[in-house]
Each structure stands twice: as structure tokens, then as C-alpha cells.
């Protein structure tokens, strides 16, 4: 517990934890103050995500690589998962899908691009393990094909039963691919992915008891705050003059990924670009091949109706372009500041388009 | 003749030749038993394709490289060509196009992916000549552009005379590109493609007389059996609960390519991945740049009406994704088992989508 | 002045300058002879473009790299810019956009492909600086995404005010990206782009006075002739049986880029492929990230109404394919004649499609 307090004292981001009780109290007292609740819940989720990510890695560090990898896969994007689950239970499938697609695009473009830029401003040229980058890009490509083909082949909004059965089959296929990918990178071909392994290193792992307790406690808090966030986000967006697409894609994704971004950027500034690329692309492929299909499977249990994998065409195009961009820039295994600018500009084009998009055409 | 019998005795796949007389007899006796005829004709085509492929290579081995290359180009996909010609004569243009697109996708994804996987299960990392892979991927890319642009530019189903004239021009352009590609890889830049050259090596070539006689005899048999196959395939598909798209794309392509797959997989297991990649991508580009355009030209002579190159949009998207996948995975010239899994999963996504696709939306 | 006359005497292309007074006189005497005026204006623009390009480089050579680069960016595609401005003032936005898209596609595919082919016919294998090619391909990719996303996301012809605001924002973003790209290649990472720097070398630069005078005088002449060209091009196209799309895309682009093509091809024949790739891709990205956005900004000042960046979908697909082709063929940094053939064939597919396209579907 002392360790936890010490960590909080040294990490300014964690001071935001003060907003957790504030937002929960505010939701009780003023449930109709959507804009205020939205701002407070964003401020509360960011430090919770950071704690969650640190606790997960501490557990993973103790349990050995295979189990640790599995744990990381399940918990690494826990914030995104909990937010999406809350929206899923509320039947807000549009928001679930927007937050999945947004997380993939934001991690692939914003997290990767900003890492390249921040690293490149300090170092002339940076190198990283391209085997690992290529594999993550390949997994992302597979996931994009899985989301693209159903709508490309059936064209019109085809019979819902076709989409539903296919989505279920694709969800299973993606999870299997993700599992085999972990087997490949953690077991059979470990050596090839060497330097990308000690992701998040540099932070001292917590003892097991503290880590597990944090994990349990923080997950409950994230769930509570997420509920407030999901309930307030639509009205708040309107109040800020933001389109729902922009909120789902950009705001939710930036909030959910704040902790990973901090780790990725700090890696880039320390010339450990392997770390940054691994977090950015690994996080994207985790959401695409694990979080999204798990949500489809869970929708049969907890949702009001089964959720399918049919995304809004604009979202599919953005995921496809993000994947192509990642594949294109990581082909050389080298980076300089302008590579980061290029990747960030692609993200900026998406953000601007979504921001300006008239709500009715979405 | 003794040599032929000895070959048949040693190669279990050729024992299936017994089904050739069976299917021809069955078609005479029970012409309405579509499901039975479909199964029998599939069983009969597989060994005929293997014989055809061996005979072609024996002739090619004798005639020297330039003529041999031309022969291989004309005869290498003879099974696919004869099946397609039978369907063309019957005016079944949908089936012709589905079998062309299916053969390209199946060879590019299934044959290549399974080769990577089978080789990778035995060897940790395999290397191959990427110059050759890149050239085939480039030819495939050109063919995909040729099939994509007319519909992308004209958008709506445009005037049929425009599509017809353009298809004719594109067919000529693709054949010229294919011819120049052979000139490049067999004449001017032979050395760069060295190891991919002795494809199918390992099998002893037959003497010329036997090879030519086999070629002639087997072609007639394939033509006979193909006719039964084409006539029975649609009804059989319905009986099996398969969509026509699935049959045209997946079943016909797997049947037509059985012999080449056997050669590609055996190459991969012997750590001769150059061979496997050469057969898989070479076969795809042959169909795209030679078989398909030749069918368009022949449709003016033997078909009931000219055939165009306008494919079903879903098929174009699949060919495009198959080409991008091939270009992406062959960029490094190295392979491990998971690369094979990734490529096979893309194929599986296509197969699942086509299997589940409600027939009317196609 | 003597120097200028000497240059004209030694360069047969400049003899075409005789057509400049002829076309201006003809336009006065026979303003309705569109076909004649079209042919004469094409013949007059080619040598003017060559003079303009030589003068620009002479000035750039004197002013040092940073200022010279900026100058080159502004004046390098001056011919295209002046033609487009003339069309812009006339409110012919279709022609402006077609000529922008056409110049990008023509420079990327025809200029690059023909350089590879011409160089490859003389040298077995040619190598070039792929860092520079990759950066230009990256800039082109960014521009293509900027043109693609608005229509992909909004799908239907969305509200004009959305398109207009977004176009303005994208125009600014592209110009910033272009400026940062110049900063990167000319300042911070100069060394990496070394050999691509002395583009157009080999020609002796003119003295400053002559260069500036030529620049001023020729720009006026180009503007005069462009006006005749833009006025006559539509009617002339019909008389020649060419579709407006073909004229805008292919004819205008070939005419406007004639001078750069001469320089790129001569570089390739001298085994200086860096020069050719730099001119071809540099010119494309200049038009996409500088000329096109500047035209959008200028349309607010000189056009009858603001111009947006929403292109005809077929044009977007062509630009996307051209960019992918450039990225694909430059990945290795090596070239042989067949690479040129492949790239030219992609261009030929576009040209054939546009030539045959029935006018009403465009």
C-alpha cells in the first residue's frame, strides 16, 4: 500500500485519481449535468487506466511469459474493454463499434506517429525490430479483411441472419489467429521478437498481492466511471458541438489509450522505439483480434441482442488505410521525425473529417 | 507405356484414374444423377490433372526454355482452361468468371499459405528468391488493376459496348504483358530468377513420344469429364447446400489445381520454397494474364456471345486482397509457419463468406 | 540573350517556339477554328515549358538550397499551374481537377515507367536512392488519403458546406506537410537524400538576369497560350473523337509535363535514375501537395466560386493505384526494363479506359 502511495506521489498523472470520487459523487447529485459528468469521467478514467496497466504488467511479470502474455492480452486493453462492455450492456452498439474502430485507428496512427515524431525530434534516425512490426501489421491486415469482406461481398445491407452467422464465425477465426500469433511470438519464434519483449520495462513491478488487489479494485472503479462516461458522452458531445462520430472515434479512443500512450512516448524519448512500436501496433491488433471478437461473443450473453461485425463503411476504410500506413512505414525498420509527421497527418485528416461531418450523413 | 504404368503404380493419386471410365459410363446411364456425377467427375479430374501436368513438363524439358516456357504457359493450367472452355461453350459465363477468379484467389492464398505452413512446421525459417515472387506479384497486380478499373471508372453497369471493347483491349494488353514477362524471366534476366526455374524437378521427365501421347489422350479425357462436371455442378451444389459462388470459387478451383498443389506442398516439405512460391504465384498470374484473356478472345469464336472482363465486384475485391497479401508476405523473402497461417486465414475468411452468402445477393 | 539564342539553336525542342506567335495570331484571326488552335497551342506550350523549367533551375541554383527549393516548389510545375489557373478563372473546375489528377497519374506512372524502361533497355539493372523514392511515395499517399477520405466517409454527395470547409482544412494541411517535407529533405536530413539533389544538373545554369527575364517573359507567354488551349480543348477533343476525360487526364498532362519528361528520360539513359525518379515522383507530389491546395485557396480569390477537393471517384481510384504502384516498385531501389513495362501498362489501362469511356457516364 505504501508502494502504491509512493507511486502516486511521484507520478503526476495519478494525482487525477482525486476525480474518481468526485465524478461518482457528482453523478449521484446531478445526474443531468452531462457535460460536467463527461469532463469529470474523462479526468477520472485516465489515471485509472494508468494504474490498471501497471498492475497488469506486474502480474504478467510474475506469472511467466506464456500465462503473462495471455493475461496481457486479456487485461492490456481492459479500459477499452470495460468501456465497451458498459456500452454493450446499454445496447449502444454504434458506440461500441465506433470505440473499437477508433481505438484501432488511434493506436495505429496517433500513438505510432507521435512516438516516431517525439523520438525523431531527439534522435536523428531510430531503428527498431521490423519482424515484430511486420507481424502486428499482418494481424491488423487480417482483421481488416475480416471486417471488409462481408460488406464488400454482400454489397447491400444483406439479410441480417447472414451477417450474424458470418460475424460469429469471423469472431472465432480472429481469436484463433490471435492465439496462434501469441504462440508464434512467445513460444516457437521467441528469439526473432527479442527486443520487443520487455515492453513497459523500466517501471518496477509491484508485489503480487498489491498488483492483484489493485487490479480488482481499479476494475470496479473503471466500470463505475465508464458507466457515467457512456451515459454522458452523447449529450456532452452535442453541447461541445462535436459530432457523435468524432466523440466515439477520437475522444473515447484517446481517453481509453492514455496510459499506453504515456508508456509508448516515454519509450520513444529513450530511443527504445521497439517498445513504442510494440505497444502501439500490439495494442491495435489486440483490440482488433481479441477485444472486438470477444465483444461479439459476449453480446450473446449480456447484450439485448447479438452484435455483428458489420462496421460503418467509413470506419472500415479508415482501418484499412491505418493498416496500410503501418505496413508502409514499418517496412524499413527505420524512422525519422518526418515519418511521424506523415503518420500523424493521416490521423489528422481522419479527425478533421469526423469533426466536420454533418451528423445526419453518418 | 510401361513407364506410365509404373508411374501409376507408385503414385496413389493416380489410382483415382479408375473413376474416369466410371464417370463417363455413369453419365451415359444416369444423366440426371447430378450429385453422383459431380462427385465422380471431381474424383476423375484430379488424377487427370496430375498426368497432364507431368506430361507438359516432360515436353517442356525437351524443347528448351523459351519454347518450353511458352508451352508451360499454354498447357500449365490446361485443366482450368478446359473446364472454362466447356463452360464457355455452354454460355455459362458466370461459372467461367467465378472459376477464373477462384483459381487466382485459391492459388495465391491457399496454395501459397499451405506451402508456407507445411514448410514452416518442418523448418524454423525458410528463405526463397524474392525477385521472382515480386515479379509474379507485380503481374498479378497489373491483372487486378485491369479487372478493377473498368468498373471503378464507369461505376454503374455502363453501356455494354464500352465494356466489350475495353475488355478486348485489356485482354490483348494482358497477353502482351505476359509474353514480355516470359521474355524477361526466361531470356534477358534469366540469372535473377535462377532457382525458380527448375520447377517440378525431382520427377523424371518422360520420353517425348509418351509425353505427347499422354498430352493428347488426357486432354480429350479432361474435356469429356469437364463436360459432365460443368453440367452437374450447379444442381449438385444445391443438393449439398452450397452456394453457387462457393462452388465456382472454392470447389472448382481446388479441383482444377489439385496437381499443382501436390507439387507445391511437396516442394515446401523439401525446403525448396522457391519451387512452391513459383508454382503458386506463377499459376495465379498465368490464369490472370493468359487463361482469362484467351477465354475472352475465344468467346468471339466459340461462345454464344462475346464474354467481357467485368467481374462481380466481390470477386474483384478478393483478387485485390489476394494480390496485396501476396505482395505483403513476399516482401521479405523469408517465411515461418505463422506467415502461412495468416495467408490461409485470409482464404478462410473468403471461403466462409462465400459459403454463408445468401444466393440471391450475389 | 546570345546564350538564349545559342540554347535555342542547339535544342531542337525549342524550335517549336516558332508556334508561339503563330498560335497567338491564329487565335486573333480565326477564334472559331478550335481544332487548329488546339494543335497549335500544344505545339507552343511544349517549348515554353522547357524554357520555363531551365530558367527556374538557373534561379534556384543561384539562391541556395532552401530558397531554391521553395522556388522550385512554386515554379517547377508552373506550366501546370498556369494552365490550371486559366481554367480556374474560367470556372472550368472539372478541367482543373482532371488536369491535377491527370498530372499526378501521368508523372507517377508514365514518367516513372518510361524512365525505367528507357534506362533498362540500356543497362541490365539500375539502382537508385530508395529513401528519396519512399518519401515522395509517402507524400503522395498522404495526398491520396486526403482526397479519398472525404468521399469515402460522407458517401453520398454530402452537403456542400461540409465538403467546402473540409477541402479548405485539407488544403492547409497538405501545404504544411509539403513544407515540412522540404524542411526534412533539404535541411535536417539532407545527407540521406544526397544523390537526388542535383536534379537537372548537366545543363549549364543561366546568369541571373537572363533567368529572371526569361521567367517573367515566358510566364506571360504561357498564360496567353494556355488561355487559347483551355478555350479550344473541349471542342477539339470532340472533333478528334476523344472523350473530355481523356483530354483532361492524358493530353493536358502530357503537354504540361513535356519538359520534365525530357529531363527524366535523359537522366535514365545516362544511368542517373535518381534524377529520373526524383523528377517523376517529386513532380507528382508537388502537384498533389502544393499546386492542388494552392488552387483551392486561390479559388476563393479569383474563381467565380470556391473550388473543393472532391474528385470524381474514378480519378481518386486512379491516383490511389498510381501511388500504390509507385510504393510497390520503389521498395527495392532496383529497376530493370520489365519494371518499366509493368508501370507503363498500368498507365495504358487507365488511358484506354478513359479513351473508350462513353462521355455521359463520367
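Chains here go by letter, A, B and C, matching the order in which they are written, and residues are numbered from 1 within each.
Keep this in mind: a residue touches a chain if its C-beta (ideal position, glycine included) is under 8 Å from a C-beta of that chain, and two chains touch if they have at least 3 such contacts.
Just so it is clear, the structure is predicted and the values come from calculations on it, not from any experiment.
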For subunit A placed onto subunit B, the superposition rotation in degrees, Cα atoms, nearest 5:
120
Please state whether the interface between subunit B and subunit C is built from the same residues or different ones, using more than half shared residue numbers as the mark of same.
different
Please tell me the distance, in whole Å, between the geometric centres of subunit B and subunit C computed from their C-alpha atoms.
41
Junction residues of subunit C, two or more chains touched:
331
Subunit A - residues contacting subunit C, complex:
124-125, 313-314, 317-318, 321, 325, 328-329, 331-332, 336-339, 341-342, 345-346, 348-350, 352-354, 356-358, 361
Which residues of subunit B touch subunit C in their complex?
134-135, 138-139, 141-142, 145-146, 148-150, 152-156, 158-159, 162, 165-166, 169-170, 173, 177, 180-181, 184, 188-189, 192, 327, 331
